[in-house]
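Heads up, the next two complexes both have chain A, just with different partners, chain B and then chain C.
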Partner chain A sequence: MALSPVSRVRRQLPVSPWLFAAPGLLVVGAFVLYPFVSTVVNSFTDRRTLIPGRFVGLANFRELLHDEMFWIALRNSVLYVLGVVPALVVLPLLLALLVQKNIPGIAFFRSAFYTPVVASIVVVGLIWVWLLDERGLVNSLLETVGVGRVGFLSDQWLLLLSAMAVTVWKGLGYYMIIYLAALASVPRELHEAAAVDGAGAVRRFLTVTVPAVRSTMVLVAALASVAAFKVFSEVYLLAGPTGGPAGEDTTLVMLVQRTGTGLTGRVGYASALSLVVFVVTVALMLLVLRADRREDA
Partner chain B sequence: MSTPEKAPPAPERVTRRRGRLTDEHGRRVGAGELVLRYALLLVVLVLTVGPFLWQLSTSLKGPTENIFSSPPSFLPAHPTLHNYARVADTIPVWDYALNSLTVAGASVVTNCVGAALAGYALARLRYRGRRGTALVFILAMLVPAEGIIIAQFTTMRDLGLNNTLIGVLLPGSVNAMNVLLLRNAFLQLPHEVEEAAFVDGANVWQRFFRIALPSVKGTLAVVAIFAFMFSWDDFLWPLIVLSDPSKFTLTIGLNYLHGTFANDERLVAAGTVIAVAPLMLLFACLQRYFFRGVGEGAVKG
Partner chain C sequence: MPMSRRALAVAVVSALVLPLSACGSSDDGGGSTDASGAIEGDITFQTWNLRANFKSYFDGLIADFEKEHPGTHVKWIDQPAEGYPDKLSADAAGGTLPDVVNVSPDLLAPLAKAGLALDLDKAAAKYRSEYLDGAWTGQRIPGMTGTYAFPWYLNTGPLFYNKDLFRKAGLDPDSPPKTYDELFTDALQLAKKSDGEVATLANVPTIEDFGRYGVELMNKQGTGFAFNEARGVELLTRYKELYDAKALDPQALTATPESSGKKFLTGAVAMNPGSALDLENFKKQAPGLYKNIGITDQITSTGHVNMYVMGVMVNSRTKHTPAAVAFAHYVTDAQNQMSFAKKVAIFPSTAGSLDDPYFTKEDGTDETRVRIAAAKSLKNAVNYTPVLFSDQMKTALRNEVAKALQGRQSPRAALDNAVKACDRLLTQQG
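Let's look at the complex of A and B:
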């Protein structure tokens, strides 16, 4: 035999592999990579939606530094990360421990806890707008127990906090599943040994479970912080398109959407804003992953 | 993105012995612990599912019923479907649902086909430029959608596809992550099977359709579910690309309904129930795929 079947399989037809890859390459090239390149290019121009731009150098970035709204948006997005990430690292882990044991009916509870993940963010947002409304359920309950009504959606900080709570509420089930997979691979001998040594449940959690799922906690922190920094829908729905009173609750992506779209959209300026989103996202990823490596060393 | 640890060997198991619950070590699960566990489970259940039920309840309350009462009343006194009819009179909610369904259905098809083809090329075909192809998909996966959304908008405008459902579909029609998922699935196939088919005279398309594709069904199902959910749930991109209310998808339509009729909570509630019901149904039918590797099947297996 001149050629083994293996090499004949490998040497067949010079054209068809590209036919296989073409649809994917075309979509990804035209709608992800090309837009990314043009975001970079546009950020150095004064392009608007209907007006082709001229090269303006670093003018957009210089303007950013003096744009009060940019700093407000950056502050809110950073606060969002700081508020949401610790909760999303810890709470789903506790939830996973709660549903880990195979007691009767546990499959139902797991599915039920996952429903907020399945529901679309707009539905979730509108449900919580109604729950947190001045006259909504949460305030009715608070009034019933004598606390009185709270303006969750009218105060700048309470609104941001409420949006964070919604993000955490919606993300719980998703990260719970990730933790469940990690917990299942913790060797049970470790727990037994610790139990024999007289360690209680809390101590076993801190000395056995947490170290065993540490790399998963880092993964969750990375995923959650990148997602939190790019938050749009929760705040948009709770605060409205303008970002709450005087735009004080605007986040970076909301600012990108507001400045860059519509017939008068400032594409160039919004592209510069987008680049900030991109750079911070990548930096967050690297930061979390580096923190992980340092603890390993 | 790395996935967490692989599915485990049976970790925790409860068997009934003499009518008692025991844990994985054969020790009895204390009654006190069980009561505490169920109590906590019920609290979390109220917190996670309660808001959906409250929304359902609101949507069923009639126009004369006080929906702002304190203490709140959880069951509608006179349940009615009137609000659902009113949503349909106020916004073309069924058209919006159909738009969403069209885009989500198309996204399932394009993602399954496009990602399977590209994934197969990356995993099983040797050609000049294969490494470059892989690199393109890896780079595309790293670009955050929120960071390029304005350029996607201008690209769509240049193509004349703004304010069309095709424009909504296209950017997510072949997701790079799905390509890499299917590439990994194809890599698991033993080479011998395909080689045997090759010796029998099967060409590359026949090998793809008859041998490779049927053996990655599980991954295709996952890709299909997530393509559907992602598209059905997407908010930011349709909000940017669609401006004509007659073209809206359900999420944008709901936001519009909320903005226009913010003071009639019964109406908005009915709208959200319409939007979430199909997904809940889909989830209920396909939930074992959501819990792949961690759910009951893997634990018992």
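Let's look at the complex of A and C:
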């Protein structure tokens, strides 16, 4: 039976929009979808860098449950989120409040706080290694004041804390800019009204500023959580390729890199680890968004 | 023009999948073990961090080869030292491995196992007699028959020490330690006299240290690791004593060769391995140290120092096997190895080259002294790193050693765990 003109139109699609979308689709397909699907497929194989894998079912996932290094890496990545995210939600907001005022010379401070964001992470890492080394500047100062040398780069926990400090230091400026944009949209009348009602600076901050930028805080928390869970460079640069003493500061992404790269890399196992990182990252995002929705309700 | 939904879906999926089907297609169908044909065609040659200092040498080498073999063209690629194994693995997996590649035996092993290295016992057996026997057999892979790379340069480093620090600790600066026993005694004295301020070493023991201490690294069949034997435990126990006495730098657990080199430059560490190239560095960066620099042989309790071996492999999938084999041989032949050795502190692996006066005749300079001593020690040196010892195994050993040094487990348990982990990785390598 011949289709009516309307049905024919419904059953056919114009080509031109898809032609416009094709380059984007190709890029997304080649560099996002294909690697992702490939990672999922590989996670069920024993593939190595140069040796095609055989299907091994859930063997990689079972192995990682018994892999001591996996649990150490998971612990460190979770600790990283817990240590870094609150600092990156609160400190840039305070910084933004400090530099939002239009007073002469404030542009210099805004730029200064933003400088670590644009600095190369490798350079930043090297500078902090020099600062925190056993004979570095910080230890020289501590020795001068009688505290003695502290093993920032040789103690497992201090090393992790040092890496967190670097992440916070480097991220402050970035999130400060986001908060500055949010603060600019807070109506001045609200502050003025609160001031007329006798609210002091702290009360105005808690009752006017924080509620006004709450959605931005959630955004910052989500972005910082994902970035913190996937941390690599800071820990790698400070802790070295072994991931700190006995590998105790290894994070999940470092473990993926160490396991899956090189000529003898275990691509299948590293893919299983990557899937865990993916699932936890998505879970973190959902958790933050859910918390935000609950606040709204 | 409108098109059906199904046709559109097919077009989109094809557009996505077709380009991807090219990815990872490593087998281009080229390649032959027959190197007897005409030497012609375009080939690529990859070196390992050599362009910065030796560009003119390689430009000349390639030009001479192309002149000698009209119809050939060699494209030279140089990769940085950092991440070289990763670059090789990406090329090997992507089917873009160059025709002729600079490799060390531990990098050669996985490439040969994956069938990517040409068996030179079949394709180039006629050249075998040109090389030192040990160097040729050093390019073999346990569990496989055949030789998979031309031996290139050999290297061994001296050990530098700070005479001033030795003097301050009441040690004879002209009599540095030669064996591990002497090293441990001197290191403890240095730490004691400096009240823990000066460590003698800045690195935890590696597989080469175990080898030089006389530990059996693998079982006789080469099917499993054995460095958890009594002598291995003894070495680690003694390193633990050094660590506790601060004779081993506290940051040794996370040190890299670069970071320990810096500690030696600043006088925080009394001894550090290096090469003749480092002397120039000391002159520029630490003239005070250079005045007090002592040069001695590697510490060894076996009488055999460690030797680093480089090779040049031919990609088994090259489309121009005769040209690739001819070029790999040309790069590593006696004449070209000798001229390369005169530009940098390396040692030829070709038969008889080490008897050249360049490696035997003193001229009074430190550089010559280091070169002659190294060439002499190379004659009975050993490549202690097992070729199947992968990066993952190095990390496993290092982590277990670190736990033992921190006192979190006994040296025996640490080495048992390391051997177990390395054996598991060996099995997984296939």
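Going forward, the second predicted complex is superposed on the first by the 273 of 297 C-alpha atoms of A that agree within 3 Å, B and C clash if a C-alpha of one lies under 4 Å from a C-alpha of the other, contacts with A are read in each partner's own complex, and residues count from 1 in each chain.
Keep in mind that, in the parts below, a residue touches a chain if its C-beta (ideal position, glycine included) is under 8 Å from a C-beta of that chain, and two chains touch if they have at least 3 such contacts.
In this text, all values refer to a predicted model and were calculated from it rather than measured experimentally.
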item: When chain B and chain C are modelled together on chain A, clash or fit; value: clash
item: First (chain B), second (chain C), both or neither touched by A:281; value: first
item: Chain B versus chain C as contact partner of A:244, first or second or both or neither; value: second
item: Which superposed partner A:46 touches (first chain B, second chain C, both, neither); value: second
item: Which superposed partner A:110 touches (first chain B, second chain C, both, neither); value: first
item: Which of chain B and chain C A:153 touches, first, second, both or neither; value: second
item: First, second, both or neither for A:264, with chain B first and chain C second; value: second
item: Contacts of A:161 with chain B and chain C, given as first, second, both or neither; value: neither
item: Partner chain in contact with A:180 - chain B first, chain C second, else both or neither; value: first
item: Touched partner set for A:135, first chain B, second chain C, both or neither; value: both
item: Superposed model, chain A: greater residue contact from chain B or chain C; value: B
item: Superposition clash, chain C versus chain B, among 6-14, 60-68 or 78-86; value: 78-86
item: On chain A, positions contacted by chain B and by chain C; value: 9, 11-14, 18, 25, 29-30, 33-34, 49, 133, 135, 240-241, 261, 265
item: For the chain B and chain A complex, residues of the former touching the latter; value: 1-2, 4-8, 11-14, 21, 23-25, 29, 34, 37-38, 40-41, 44-45, 47-49, 51-52, 54-55, 58, 68-72, 110, 113-115, 117-118, 120-122, 125-127, 129-130, 133, 136-137, 139-140, 143-144, 146-155, 157, 170-171, 173-174, 176, 179, 191, 194-195, 198-199, 203-205, 208, 229, 232-233, 235-236, 239-240, 251, 254-255, 258-259, 265, 268-269, 271-272, 275-276, 279-280, 283-284, 287, 290-291, 293-296, 299
item: Chain A - residues contacting chain C, complex; value: 9, 11-15, 18, 22, 25-26, 29-30, 33-34, 46, 48-51, 133-135, 151, 153-154, 159, 239-242, 244-247, 258-259, 261-266
item: Of all residues in chain C, those that touch chain A in their complex; value: 1-5, 8, 11-12, 15-16, 19-20, 23, 85-86, 88-89, 92-93, 107, 110-111, 113-114, 116, 249-251, 253-256, 259, 266, 268, 390-392, 395, 398-400, 402-403, 406, 408, 425, 428-430
item: Chain B contact footprint on chain A (complex, rising order); value: 5-6, 8-14, 16-21, 23-25, 27-36, 38-39, 42, 49, 95, 98-104, 107, 109-116, 118-123, 126-131, 133, 135, 137, 139-141, 143-144, 169, 172-173, 177-178, 180-186, 188, 192, 216, 219, 223, 226, 230, 232-233, 237, 240-241, 253, 256-257, 260-261, 265, 267, 270-271, 274-275, 277-278, 281
